[in-house]
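Single-structure report; data block below.
Chains: A, B, C and D, in written order; residue numbering restarts at 1 for each.
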Amino acid sequence: MLPIILFAYPILASLVALILDRNLKLELLVLLHALLHISIGIYGFLNRGNLGSMDDLGLFMFLITSFLYLAVAFYRINSGTEHALKAYRIHSIFLMLFIAAMDAACLVKDIGLIWVFVEATTITSAMLISFENSKSSLEAAWKYLFICSVGIALAFVGILLFVLAQPEQASLHLGKIQVHTLSPFWLKLSFIFILVGFGTKIGLAPLHFWLPDAHSEAPAPVSALLSGALLNTALLPVLRIDRIMRNAGMGNLAQDLYLVMGFLSVFVATVFILKTRNYKRLLAYSSIENMGLIMIAFGLGGVAIYAGYLHILGHSLVKAAFFLCAGNILSIYHDKHHANINSLFNRNRTTAWLWLLALIMILGFPPSPLFVSKFFIISAMISQGYILPMIALILMLAVIAWSMMRISLGMCCGENQNKARLPLWTYLSPTALLLIAAILGIWLPAFD
Amino acid sequence: MLEILVLAFGVTLLFASVTNMLHSLIRILVVQGLILFAVTLLKSTQLNWLSFGFIALETLIFKTILIPWFLSDTIRHNAIHREVEAYVSNFFSLTLMSVIFLGSFALAIFSEQQSGKLFPLEFGIAFATIIKGLFIIIANKKLITHLMGYLIMENGIFLLSLAVGGDLPHIISLGISLDIMLSVLIAVLFIKRIKSTFDDADSPGHLRED
Amino acid sequence: MISLLWILLLPLFMPGLISRVKAIMVGRKGQSLLQPYYHFLKLLRKDEVISSSASFITRLAPSIALSATLCAALFVPVGRSSSLLSFQGDFILVLYLLALAKGIMVLAAMDSGSSFEGMGASREISFTAFLEPAFMLIMAGLIFTSGFTSLNSLLDSYIINNHEVWSLVVGAFTIFALFIMLLVESARVPFDDPNTHLELTMIHEVMILDYSGFSLGLIHYTAALKMLIYASLIAQIMIPQNAQWHMGWYLLCVLGLGLVTGIVESMMARFRMNRNLELVLVPLSISVLAIAALIARSLGGW
Amino acid sequence: MSIGFLILFLAIIPALWKRSGLFSILWLLGSGIIAFEYLEVIYSRTVQDFMISFPYPIGTANIGISKLSAFFGTVFAIGLPLGMLYGHFYLKQHPSEGIRSHLFWLGILGLSMHGILWMKHSLLFLMVWELMSISSFFCVIHDRQQSLKAGLNYIITMQIGAAFLMVGFGLMFIHTGSFDFNGLENMPRLPMYLLLIGFAFKAGFVPLASWLPQAHPVAPAHVSGMMSGLMIKAGLYGIILILLTNAFSLWEILVFCLLSIISAFWGVIHAMVSTNIKKVLAYSSIENIGIIGIGLCVGLLGKDAGIPAMATLGFAGAFLHIFFHSMFKALLFYLSGNVLVASHTLEIDKLGGLAKSMPFTAVYFLVGTIAISALPLGNGFISEFTILYGIFHAMGANDLPAMVFGAVLLSVLAFVGALALIAFSKLFAIIFLGEARQEEARNAQECPRGMRIPQLVLGLGILATGGIANLGLRFVKPILRWMALDMTMIRDFQTTLNQVSIVLAIVVLLSALLYLIRRMCVRESISATWGCGYQKPNPRMQYGSYAFVHPLSYFLKPFILFSKKQKQGDMAKGINPINSMEAVDPIFKYIVEPVSKAMSWFFELFSHIHNGKTNSYIAWCLGFLILIIIWVLGVR
């Protein structure tokens, strides 16, 4: 029953949207979808375990998505007034389809279908990214679509090899796989392809190149969803395969690959956080960094796996809020170069403080879930004897913290005095996200 | 019979690496689609109408007719120059192609020793096709050629899916080909818009860190 | 009680004695020994001229300095009659009281805003940097021989007994260090020339250029008192073990010190200013030597 | 206790409505209650630990308070509200936007400082610790202009320190499997060193103290007062926590000794040559931390050598100095705020003669100076007296290290004390005495009464604890007893202290008497300072800050790194050449800066892969794929 509502609504709503004649109505339509979404999510959370289609992992991602979607839907209210109706209609339709595709990718258990839906998210979100129809957004969308399609194609090769790994009647349904019969050689090979393929979509270095472009050129709500929800959705299949790998006794191979890619990601993020001049790209790189940390966490295993899930949660919420604040700043200054932005404190104090709070929470100051997760990641690294990597990691994190704080403070402080006002919703949803993150940082929910 | 078809598929790759014309690349795509259709028919054990319909839809309709038509249409409407304009010379790409063949056959034979349930020839050709597709993307600067490289790669993946013994459920393969179809559509759309906004058909490089 | 009398009366005798000795050395007759007393009393009767840039510090400083020094003096034993005040570890307080006196006088000098007085002040206070640790180490050295007690009993217990070569060595060290400290602290040649007439070369005298009358009297008395403190410290050490007339010995030693000081003054010339600090290091190094020797000894010698 | 903390939490509300007055009043109220309760804990009752059970992985957190933390809590509860009160009046004189956020972060800072003392669960402790760092950072960058760079430097330093703590606690977690502070007892060496280093960052031991002289001058006066008087004590709290629960070998003690000596000496010589009031004060904080460390070392040495009196007095001196330093350092920083408000500069060579225009400030500053340079009547003397007293017990006790290091520490303490006397007599003399050197100082006005209230309180406190020498010891004694130290000789020591205070009373009475006599029978006549024959002396001829310490310069020079700045003048246009010297921090100049430069250079090397070409991106993808295939199939 639930899945039907979940997928029937967006399709019907897209049809309805074709006849709606005002932006506000479209926004309300999306908002309704978001409310439906989160109510289903909460229902699923309340009686989890006895849901057939949703396992905990899927539910986890689903809940994160619904929180973000709700925040974004509120954020969009009254923000679309300056857009043309037609473009905005298409935008809203694709937004709902995008969410539907992500839900499907969270819910289904068949790797093949997961692949299909992840590819579907690529297609839909490509339309969302190119919404502003400027040169750069077009280029970003093209690169995003193309690189991700190629990567996903490689992932499909991996899936085929996974079929090859099963001696008799091959099946792609995760439940039906006899792990002990898998041939290790093909499993290894398929895992490599799957990791590289979905890793492209997760944005792990050195496959991350589309990510800063897409995140910086998309409109703020879309970037929030991309970095908060889509990356997790792309991470999901990797985690599902990871369970198989671990059951097949090849967990340490997977973990080594995770560690390698994770460290590369953090390193690349450090390089470009020092380098970049565009604050939305800054956030994008910090997404890469956090994804790298998550991969490191899963690569370490043990208690760090918990840290990994926590990090996913915290990063999604805080980063979404961060991107929404960036949207506010963009709508105040109409400029993406942080060198040209100053005195945010004077121009719009609320945004400034939201920005700084999101900053310190993404850097892992308490009360942020990232603090706890970083603590566990570091202690796990010690316990497994990765001493030099740990020192390097801490150094890189310190450099990232320095650079991001320098840039953000430079944006916030200054002399310019003329005030700028924004609609209330644009403050509320980041605040709500940050609050949820803070609460979760202090009172951690138990996942398993 | 099967081997001959697969070899022909490989030959198309060689031809793809020496040609300079976009249209000949499109023709290569058509030929590959036909070959795939044939191979699928030969390989499929029991042939009822449903599965025949699926296969026909995937290979004939999509790969052989629709997508090539889109491409040639795009080329015509956007007045894209008909040269391929690769970064590398034909000779180089040819040698590289043979290297790719060598590598993929080595991999195929190596893995055939590992577990015996695949056909090394198809496997190798398929791998070579995938790599070749990527190589075409890397070596050319036109958006449309990127797209063609992507399609060649997809063909390779399709061949691979034939190479691995157990075949996918039809619904999944249909979804897959739908996805590819849509992505190609949207890609074509983007190519149109990019052509109109940047008024050249090369892959744009404005978003960079410097 | 008797010792308080001594402490109050004796100080001004030293400067008179010294100047008399110097006069005799150069073949003059010299002033009477009691001249400083007359001078002091005359100053007490005079009114003052206060610098226009003076704040409350100038008015407050001399009395604080005097009372601090006096309290320090109360801990110093005179002859065998034990000091008025004494408790375990009182010498720390003595040292810091002297530092207080010095510090407040330095501030007073800076208060006048005259560059010369500032110069004197900075020179004066620079000396403390090396004298305080020296004093500490000397006290630590005395503790080795007679346990951690008060200044009074430290000095009473015979540091030098004739049958023990160690104590002779250490006693000699201590006396020499204290004597140099006496010269420095009471602003005598070779560190400072009290009766030069070129401000650039003065230390103590230049600090009090702007003082006059009553305050000047207090300051002179304070300086003399400080000198007496160091002199009587040395004297207490020098009293031999089986002496009968302690008071006599004490006076003898003190006057002897005055004599020696006078002779030194008339034999030596003042050092170059920037060499002074290096000389002030001497007591420190000597006391370090002494304490090293004592540590070695307490561990049973070499 | 809960009521007090409730009030402190409520104080956030007026802060959000910019009611700084109500904010500080609530802080006074709440801290009063809390201080009372802390004192109860110190003297009589014990507070039951209460458990909060968090979900996995934090587990049940043990939150409670020991006598040690009660001691620090009392210090905080006394110092913080005064700081808040001063801040209220200071901010009135310094109107600036962002009062709201400033007060908010101020409240968070105070609360987290109290919170650290309660956490017995390393993860929560770290959380509160980080909260303290970030809130103090936001307090430092209050003016949002000059302070940004220093503030950034500060927060990153704190992050590195926190990383040390993180790793240390992580090791502890791996070792014991729990976060509880019971794990701190005789822990393995490596985590212990890491924790000590992490805490030393906050406490400001050389060579980890380069943030202090950078952050304090730019922070508003009340913030730097609270940070330097109170917050760095949080680092000491951590250090002492570890010192008490672990046994140390002689070598470790000696290394700690050495570090403390270096801190004290390094701090004081830089304080001597600095020309910015707040810089001088910041460096002297480093010095005082060194002195506290020396006290702790004396205690440890006494334990190690089996000299109970030495141990007890050493720890007693350290605790006393923690308490007293929190008073006089805060006072001096607040007074620097007065000077800034009155004359709009902190450069002492522009000031002078303020004693006549700002008499109250001058008197308070004199009190602070006496206290900080350990002169009698100030409370700094009492703590140093205690430490020295402890050291003298080592003399003649038949234990080589105790004796040798006793002698060394004696001379170091005396030496540092003397240098501090020089530094602060310089500071006081040049700011408040003589004539105004420049305009700023000439038309300075005394600050409003409000700013002087907290200073009056602190000054009286200093004089009280300095005059009635037993007061501080009474406060410290329960903690010493709790530390199971030998208390037999404390009684004699108390009698000694009583005698000390008697003597001090004599000094005061005598000088008062003399002063009165002078007032009665001496007529003053005012005239210009005698220029020694020079006809028209002017204020700029007065002894400057550098000239004052010049006699010692030739032996200070080797220890201090000067950066000379020369500005060519042009006599024809009447522009004088300016030669200025400034002491720069060698650690910052020769370690931090080159390292950061090297790192940025290294990262810059890789910053060209993002060239905007899809082809190259795909090439990276393919290359990486082939690499890991080869790695997995070939190598593994």
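Note that in this section contacts are C-beta pairs under 8 Å (C-beta built on N, C-alpha and C of every residue); 3 or more make two chains touch, one makes a residue touch a chain.
This is a predicted model, so every value here is computed, not measured.
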{"item": "Result of counting contacting C-beta pairs for C-D and A-B, higher pair", "value": "C-D"}
{"item": "Between subunit A and subunit B, centroid-to-centroid distance (C-alpha), Å", "value": "31"}
{"item": "CA centroid of subunit C to CA centroid of subunit D, Å", "value": "36"}
{"item": "Chain centre separation in whole Å, for subunit D relative to subunit B (CA means)", "value": "70"}
{"item": "Centre-to-centre distance between subunit C and subunit A (centres being mean Cα positions), rounded to whole Å", "value": "79"}
{"item": "Sequence positions of subunit D contacting 2 or more other chains", "value": "607, 610, 614, 618, 621, 633"}
{"item": "Per-residue overlap in subunit C, given as positions that touch at least 2 other chains", "value": "none"}
{"item": "Where subunit B touches two or more other chains, by residue", "value": "134, 137, 146, 203-204, 206-207, 209"}
{"item": "Inter-chain touch pairs (all)", "value": "A-B, A-D, B-D, C-D"}
{"item": "Touching residues on subunit B, where the partner in the complex is subunit A", "value": "111, 114-115, 117-118, 130, 134, 137, 143, 146, 150, 153-154, 157, 160-161, 164-166, 168-169, 172, 175-176, 178-179, 182-183, 186-187, 190, 193-194, 197-198, 203-204, 206-207, 209"}
{"item": "For the subunit C and subunit D complex, residues of the former touching the latter", "value": "47-53, 55-57, 59-60, 62-64, 66-68, 70-71, 74, 85, 87-90, 92-93, 95-97, 99-100, 103, 106-107, 110-116, 118-119, 121-123, 125-126, 128-133, 135-137, 139-140, 143-144, 147-148, 199, 209-210, 213-215, 218, 273-274, 277, 284, 288, 291, 295, 298-299"}
{"item": "Partner subunit B, residues of subunit A touching it in the complex", "value": "110, 112-113, 115-116, 119-120, 122-123, 126-127, 130, 133, 135-136, 138-143, 145-146, 149-150, 153-154, 156-157, 160-161, 163-164, 166-167, 169-170, 172, 183, 185-186, 189, 212-213, 216-217, 272, 275-276, 281"}
{"item": "Footprint of subunit C on subunit D - complex, ascending", "value": "352-353, 355-356, 359, 362-363, 366, 370, 373-377, 381, 385, 388-389, 392-393, 395-396, 398, 400, 403-404, 406-407, 410-415, 417-419, 421-422, 425, 428-430, 432-435, 492, 495-496, 499-500, 503, 506-508, 510-515, 518, 521-532, 537, 539, 541-543, 547-552, 554-555"}
{"item": "Complex contacts: residues of subunit D adjacent to subunit B", "value": "607-608, 610-616, 618-619, 621-622, 633"}
